Structures are given as structure tokens and as C-alpha cells.
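So, here's a batch of structures to check.
Shared chain: subunit A. Partners: subunit B in the first complex, subunit C in the second.
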Partner chain A sequence: MVRAVNPDYTPHHPKWYRRRIPIFWWIRKRAYVKFIARELTSPFVAYAAALLLMQVWALARGGAAYARFLAWLQLGPVLIWHGALLIILLFHTVTWLNLAPKAIVLHVRGRRIPDAAVVAGHYAAWLAVSTFLVWLLVRGW
Partner chain B sequence: MGRVKEPILWALFSGGGMVAALVLPALVFLLWIAAPLGWVTLPSYGELVELVRHPISRLSIFALASLSFYHWAHRFRYTLYDGLQLYHLNELIAVLTYGSATLLTLAAGFLLVAVV
Partner chain C sequence: MAESITIEVQRYRPEEQSQPSWQTYEVPFQPEWMVLDALNYIKDNLDGTLSYRWSCRMGVCGSCGMMVNGEPVLTCAAYLKGFTPGPIRVEPLTGFPVIRDLIGDMSDFLEKLSRVSPWIMREEEPPLSKGEHLQTPEQLAEYKGYSMCINCMLCYAACPIYELEPGFIGPAAIALAQRYNLDSRDQGAAERMKTLSDAEGIWACTFVGECSTVCPKNVDPAGAIQRYKLAATVDHFKSMVLPWSER
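Let's turn to the complex of A and B:
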């Protein structure tokens, strides 16, 4: 080792000290795992939106194309995957609606509406929208 | 991302999260589970085409799809930052996520205006 004449000299740029955080930092605590799980619902939201567009596209291409799309939906693995999709999207819905009072703070005549009321309002909206979709799309049981 | 854009992107994320939360579970259950299994009967092909062609349906499907895509883009961007510690790829990730959402939104608009 050759010692530098000036011991303070360094050829490198100085760097701030940064603690290294492992990629799986969130795995040790339940709350963190739940946070990441909540975050990871977003690709499934995008998938559902894309699949809805695919269904609309199949409708537009004609009866035969639509029948092929419906046959694909009836395949076992596709049904299992969509069952998993439903569970993941329900997780998105529940966590999203439960966090609503954190994002929406409502005041009526100077009084803050309690969190529970905000959550209840959102669940009522979910029920209303779901009922509307059943009314719109279901022709028989 | 600039400071001007961030609130807009957050609003798209938030609107998309809300629309997805309220609409998607019922839609997934009815269209892709209950109907294929024969638990419910959907409108016939002709009725569905008519339903989808209605201006309100076109607008609703467009809003649902594009907001969902931007919801994904914004949330997934931060999942990559926080989850995988990829802060140094900030620009690239933002371009890929919001860029994909924008392309998908354009595709949805084209489908619902010109194809259906």
C-alpha cells in the first residue's frame, strides 16, 4: 500500500451514508406485508379493465368471436384464475373503502363527520353500484 | 415528475381506485364467474351489443378502463419504488407506467368510439 501524501485526499467523490435496505424489508412485519399486498392489487385492477375491453372487442367482432370468448371464460384454469381475481379485487375494495375516511374529511355545519359514517356511506355506495349492475346485466337465474 | 403533475396523477389514481372498488367485484363475479358457470343468464349477444353501443355505456366503460389503468400506473410505480427500492430508476419507471396507461387509454377510446 502506498500512503497518500495528504491523508485526507480521496480520489472518490464523497458519498452520504445510506443504510442499505434489503428488497424484502416488508416481510418481517404483518402490517408491512398487508401494505405491500394492498399495493400489489393494482395490476389485477388493470387486468380486469383490460379484460372488460377484450369482451367489448369480442362483441364488436361478431357472434362467432363472442362465442369463442365465452368458451374461453368457461375453461377450468380461467375460471380458477378469475376466482382468485375476485378475491384479490374484494381485498382491494375492502381496504380501499376502509381507508376512505383518511383521505376524505367531511364537515357539516362546522362538525366533522365521524370516520364510521364515511366508511358506512362508501359501503352503501358499493351495495348500490353492485345492485345496479345485477339489475343491468342479469336476465335470469 | 414535476410538482404540477403529481396532484393530477394522484387524482387519477384515487378516482381509479374508487371506481374499481365500487364496480369491479360485481362485474368480475357476474361476467367472468357466475355467467360462465351458468349461475346467471346475461343478456343475449344482440342485447349486449345494443347495451354497449349506448353513449352512456361507452362513456362509463371508457372512464372505468382509463381510470383503472392510471390507478395501476400510479400505484405500481410506488410499489416498485417502495417495495423493490428502485428510487434510482424513477424516470424510467414513470415513463413506462404512465406511458402504458396512456397507450391503453388511447386504445380503449379507439375501441369505444370507432370499433364498437
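Let's turn to the complex of A and C:
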């Protein structure tokens, strides 16, 4: 049998093969897609934070400026966009909070607090802050 | 039940080819066989030129890690029946340069592992007359999980960052550093932090989390890295607020 010969090969010298990483490496696995989706939602979190700051800024400029800002928020396209934003933010928040026990390892009297309790603590804090904000918005001034 | 199953193996023989190719083998299907048994059958009966690593055949030595149908697994712990009806695609672990067939070059990992000083470091050693370093079960539990690493490299193959950023120290090396940092007998955490807190250390990790998912020993390297990030951040702020205090 005639064997093929690689002309670039030098006898007794290693010649490694290094694969080229495909651009769409992240669609190979569901976990990678989820990771990329979580990363891509980060700019939207920044947008939501900037939106909140703009709201405070509008409030600081007086009643008329704040009314204009609220009117802009109530425009149809803005409502649809912010509805989509809410879903994106919920995805980011849930996937992020579920990861919390990986980083936070707490002990009470020498015993490690279970991961589920760390996650529950984060959700409880999220719920408390959200409830407070809703109460603040609903009660009016 | 099928009498045979098809195994597609990635072949790379550098003296003959510049790119890998696929070779197909039919092996008898035995429900109690692992993928490694099928490879051994090929080696012994069909093609003696097939090259791969293996040793203990019981999930301890960590040498038979390969990509099976795109997932990094220990082939000695992956039943053939888990991949029926086949074909089963076997490739070398991703992220490592291939030397031959299913054998990757692990030199990069070994160099990085030595950089994190994976041994107990002491500032001063008490005399032997003081007796051994005692540890409570709680102190042992702190690091024991991380000490189960068998250096099988599945976590590196699952980590896209290691392949994209070859400088990244990687999951197993950081988990092993954490194994010693959390050991009550060790005093080298500050020394290791110098290596691990730079851009190629913990901060290169973007928390994909697959390293922990594929780990056959439940070592949880992703958790180790995130804990390290938290510790490094706390350390940084402590040094800003209390610059005179010892870290």
C-alpha cells in the first residue's frame, strides 16, 4: 500500500494540528447560546439604568419637563420597545441571580448556607426592592 | 438490539496529512462496553495505528478524555448504549493542539499549573516537635471538593474562552489554586493572587459555566473562579480603604 506523505512534515519533529475556531462557535451548544444571550442583554441593562437616570433628570428640571418625559414614555412604539426591554431584563436578572451561589459562599456557625438559600435571598431582596418601587410609584406624591 | 455500532474517529497522522480526516469503524455493540472499550477493540482488531491515551479505565487517571459527539467526556465512563443507534463521533479534546489522532498536547496546562503554585506554601514552618497541622472536618470540607480534580482537561475543552484566549490560565489550574488557598494549613493565597488576579487569570473568565457541567468529579471550577473574583474585589477595596492593613 502506498502511503500519503505530508511534504511539510519533518521526521521525528512534532507537527501539531490547531483547529481554526469557527465564528459561530457559540451555536454549537445550547449552554453557549444561553451564555451569549446573557452577555448580549448587558447593554440593555445599561440602557435601563440610563433611562432611570433620565427620569430623575427630567424630574429635577421641573413639572413640565417631567410631563414631557412621561408623554414620551406613553408613545406606542416606546411602550412596545419597553415591553420587549422588560422581557430582556427579566432574562438577564433571572440568569444572573441563579448564578449567585457560585460566587457567594456564606457560613453561619461553621455551616455552609445551601445554594438554594443564597438564590432565595437574592430573589427576596429583588422582590422587596421592586415592591417598594411599585408602592412609591402607585401612591403618588 | 444492534449487533454493531459505527464509530467515526478523527485521524491525524502528521507525517501523512496536514489536516485531520475521519475514519469509520464498525465495532460489535456490547451494552456493557464504554467508548474506550470500542477504541480498544479498534486498536486490537481493526487498526493498530489508532493513537489515543488511556490508563486506569476507572475514571481516576484522567487520561482518556475525548470529545464524543461534541461533548468532552471520559471515554472510560461513557457507555456505548448512551449513544445508540450511532454513529459515535470521537475527536480529541478541543482547545489543545493535536499531536496525533486523539492525542492532544497538554504542555500549556502543565506550565500554567506550575504558575499557580499548587502546593502548600508556608511563611514559617513550626518545628516537628509541635506535631502535625490539625484540621477540623469543616476545614477539610472547605477545600476537599477542589482536591478531587484529576487533571482530565474536560473543563478546558468545554471552556470556549480557553480556546479563544490561549493566555487564559484556565478552570482546573484556578480550581487547584483555590484548593490550596482554602486549605487551613496554607499561607500562600496572597502569592497566588498575584498570578491569578491579572487579565489572564480569573478576569479572563466570562462565566460560561460549562467547565463545572462537564467535570466528572464535580469539582466546580466555575464556582472556584467566581469566589476568587469576589475575594480579589474585596481585597482590592480593603486595600483602598485600609491601605496600611495587611491583606
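Going forward, the second predicted complex is superposed on the first by the 120 of 141 C-alpha atoms of A that agree within 3 Å, B and C clash if a C-alpha of one lies under 4 Å from a C-alpha of the other, contacts with A are read in each partner's own complex, and residues count from 1 in each chain.
Criterion: contacts are C-beta pairs under 8 Å (C-beta built on N, C-alpha and C of every residue); 3 or more make two chains touch, one makes a residue touch a chain.
Only a predicted model underlies this, so the values are computations on that prediction, with no experimental measurement involved.
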| item | value |
| --- | --- |
| Partner chain in contact with A:39 - subunit B first, subunit C second, else both or neither | both |
| Which of subunit B and subunit C A:52 touches, first, second, both or neither | first |
| Partner chain in contact with A:133 - subunit B first, subunit C second, else both or neither | first |
| Partner chain(s) touched by A:21 [first = subunit B, second = subunit C, both, neither] | both |
| Partner contacting more residues of subunit A (subunit B vs subunit C) | B |
| Touched partner set for A:108, first subunit B, second subunit C, both or neither | neither |
| Which superposed partner A:64 touches (first subunit B, second subunit C, both, neither) | neither |
| On subunit A, the residue positions that both subunit B and subunit C contact, one per complex | 21, 25-26, 39, 103 |
| Interfacial residue positions of subunit A with respect to subunit C in the complex | 3-6, 8-9, 11, 14-19, 21, 25-26, 28-29, 31-32, 35, 39, 99, 101-105, 110-112 |
| Touching residues on subunit B, where the partner in the complex is subunit A | 14, 16-18, 20-33, 35-37, 39-43, 45, 48-49, 51-52, 61, 64-65, 68-69, 71-72, 75-76, 78-79, 82-85, 104, 107-108, 111-112, 115-116 |
| Subunit A residues within the subunit B interface of the complex | 21, 23, 25-26, 36, 39-40, 42-43, 45-46, 48-53, 55-57, 59-60, 63, 66, 70, 73-74, 79, 82-83, 85-86, 89-90, 92-93, 96-97, 103, 125-126, 129-130, 133-134, 136-141 |
| Subunit A contact footprint on subunit C (complex, rising order) | 12, 14-20, 70, 94, 97-99, 105, 138, 141, 160, 163-164, 206-210, 212-213, 220, 222-223, 226-227, 229-230 |
